[in-house]
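Below are two complexes that have subunit A in common, paired first with subunit B and then with subunit C.
The block that comes next holds the complex of A and B.
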């Protein structure tokens, strides 16, 4: 069944019992929560995802629970648990869904060393993937959100999973994490997108999550061949400049942005080499989302010619 | 009842008949007990890995990859250590994980490691400490109380951390705290050390002593987060060394000589009870000399049967928290005399309530 096939009340029940098994290809996550708004946010963001029967195997058992204690009567807080063990500090209850998202990212990044996991957004068009690595603030989530509203398929805005056996990129097609000014930028750019209510005062500022496009969710289990690595560089007032980036430099950047590069040893070195070797490497400086998307479309059509 | 992870490690062929739900539980228990990589190693060795369902298999592969990396890092760290200490003419004895890895023991297969533990003669400890400092290791505990706690009462100096690599080293001068109720015959321990081939200046304990140390460590430990994993270490040492000639003959007399017959008794008792470790009947009988009084024996059975299990909700039965608490108290009780204990625990409790920090990104985790 799809999440959209459940009523919100049914979801509340499943979450309370910890019987919600969400299929985030390639992972299955079992979620438990007693937070009032969790069912609403899940039904909003994961509408097009499938659930799995309760007796299935789950990769990660997670829960987001209200903290007990007098202090929490005044200012309710929630906490993320990984298989029964608290794994983050408690946060205000309004951040519960965002915390679930961050917690899931951590679960994947810390336990899935059959992939090389890179801190980067990934989008795809025509079977070819563009990897957007970058420091926080470089605009990769915004650019990713823009691209997937203009014909590119979403793999991930945060975690690129590189399968070292077949050189394909995967990404789960989960909700896109938008921060601060980019929330309004995307609302204006694509008014039809569905977002959670913005939550202010998180460690990342104001945060809202954007529902992934249905087509992307349906194709989530299809990997994409790496074709481009584009380093986004938002610079206010700048003309769009797509510049070729040296491979050695790109290699170092990818290695640095890979969560488990060191764990793979020589294999990780070869994998980054493989990924960079298969990709055209660019650096895109931009100030307007439309310019940036045009530059991506040119990359794509240029490669078809 | 035996937990799924223990059953699976004892008989890997059972894995082929598990349902999805059982796999789900097995991976969780294995992850929590830090035994997932050991299971992965075993099934890979037996050629069963490809027959394991796709989803759980990836978790096994992932855990094994992590541990192989730690193993490699451990070898590198020992090289660095040796470079720092090779010219001072002190015998450096590797303990626990570092010893299992460097001596290529099967116990190291699929075993996660973090810190290096070394044993050096007490008279050389300041020399070793200053030499380590010259080579980039720094002590972390600066306050007077911690310094006194370690230097006066414990069997080690405060843990040191390398400034650039971030790796930790514990430097011991014996294997039990100075203040402990049981006294170890440390000079005899040093007489038995064995040079590590290819590494001048590095030593490991003899097989019998290595086992006795492992037993002493586990059965003096108060926080048995990795209790089952450590019991599997003992099981592996028994099985491996048990095949070498003279091991069983030397075991009990040596335990008497070092003053470690009590921990040996517990090791034999709980390895045979929980993991069916093959130990000769006559050894079991003689080791009974180390048995505590009947009432204490019953309490210990009660506690360890509960505490030597994964700290996972599926392994919690009635009395588990009580058992863990009692073993925690016991570990302190045998570590130092009552007046010191009272002082130490009071201070620890007061400090915990004032220095609790909420800004750490993760609370402690399984990894």
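The block that comes next holds the complex of A and C.
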């Protein structure tokens, strides 16, 4: 069944019992929560994802539970648990769904070492993937959200999974995490997108999640060949500049942004070399989303010529 | 050890070194399997490392080996360039002095 096949009340029951198994290809996550709004946000954001039967295997068991105690009665807080163990500090209950998303990212980044996991957005067009690594604030989620509203397929806005054996990129096609000004930028850019209510005062500022496009979710298990690595650099007032970037320098950046590069040792070194070697490497400075998307479209059409 | 004996350099663990180079680039990426560290080197430093992988060398023998690359430099600055590269490679623990 799909998440959209359940009523919110049914989701509340599944979450309370810890019986919601969400298929995040290639992972299955068992989610437990006693926070009522969680069902609403899951229903909103994961509508096109499939569930698995309750007796199925799951890779990660996670919970987001209301904290107990008098203080929490006045200002309710929630905590993320992984395999029954509390992980991270409690956060205001209003941040529960965002915490689930961050917690899932952590689960994948910290445990899924059959992939090289890179802190980067990934989008695909015509079977060819563009990897967008970058420090927080570089604009990769905003750019990713813009691209997937203009014909590119979403693989991920946050975690690129590089299959080192087959040289393919995957990404789960999960909701896009938008922050601060980028929330309104995307609302104006693509008014039809579905978002959660913005939550303010998180460690990342104000955040809202954007529902992934249905086509992207349906193709989540299809990997894409790396073709471009583009380092986005949002710079207010700047003209769009797409500049070639050295592969050796790009290698160092990818290695730095890969959560498990050190764990893989020589294999990780060869994998990053493979990824970089297969890709045209660029640095894109931009201030307007339309300009940046045009630059990506030109990259794509250039590769077809 | 004779104090006048020229210092001879070699790669510490050549069997643990991997590199990646892309045609036309002026840098090379090197992986040291002993430390697990990855280094971005200038192409010239990478070439010096490559030569030291196969055999030990003194500054003079490196000067001779790279005479074409350093033909534009006078003798003292060419020596300085080689010494700087060796110093850089020693600081990141890729090469060592075998006289000691």
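Keep this in mind: the second predicted complex is superposed on the first by the 305 of 305 C-alpha atoms of A that agree within 3 Å, B and C clash if a C-alpha of one lies under 4 Å from a C-alpha of the other, contacts with A are read in each partner's own complex, and residues count from 1 in each chain.
Here is the rule we go by: a contact is a pair of C-beta atoms (placed from the backbone, for glycine too) under 8 Å apart; a residue touches a chain by one contact, two chains touch by 3 or more.
Computed from a predicted model, the values in this text were never measured in an experiment.
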After superposition on the shared chain, which partner residues are touched by A:255: those of subunit B (first), subunit C (second), both, or neither? second
Once the structures are superposed on A, label A:265 by its partner contacts, choosing first (subunit B), second (subunit C), both or neither. both
If we overlay the two complexes on their shared chain A, which of subunit B and subunit C does A:290 touch? Say first, second, both or neither. neither
Return the chain, subunit B or subunit C, that is in touch with more residues of subunit A. B
Quick check on the superposed pair: does A:5 touch subunit B, subunit C, both, or neither? Answer first, second, both or neither. neither
Applying the touch criterion given at the start, work out whether A:246 contacts subunit B, subunit C, both or neither, answering first, second, both or neither. second
Is A:298 touching anything from subunit B or subunit C once the two structures are fitted on A? First, second, both or neither. neither
Which positions of subunit A sit in both the subunit B and the subunit C interface? 262, 265
Along subunit C, where are the residues that touch subunit A in the complex? 18, 20-22, 25-29, 31, 33, 36, 38, 40
Touching residues of subunit A toward subunit C in the complex: what are they? 246-249, 251-252, 255, 261-262, 265-266, 269-270, 273, 276-277
Complex contact set, residues of subunit A against subunit B: 28, 55-59, 61, 82-89, 106, 110-114, 262-265
Where on subunit B is subunit A touching in the complex? 19-21, 23-24, 27-28, 31-32, 53, 55-56, 58-59, 61-63, 65-66, 69, 72, 312-313, 358-363, 365-367
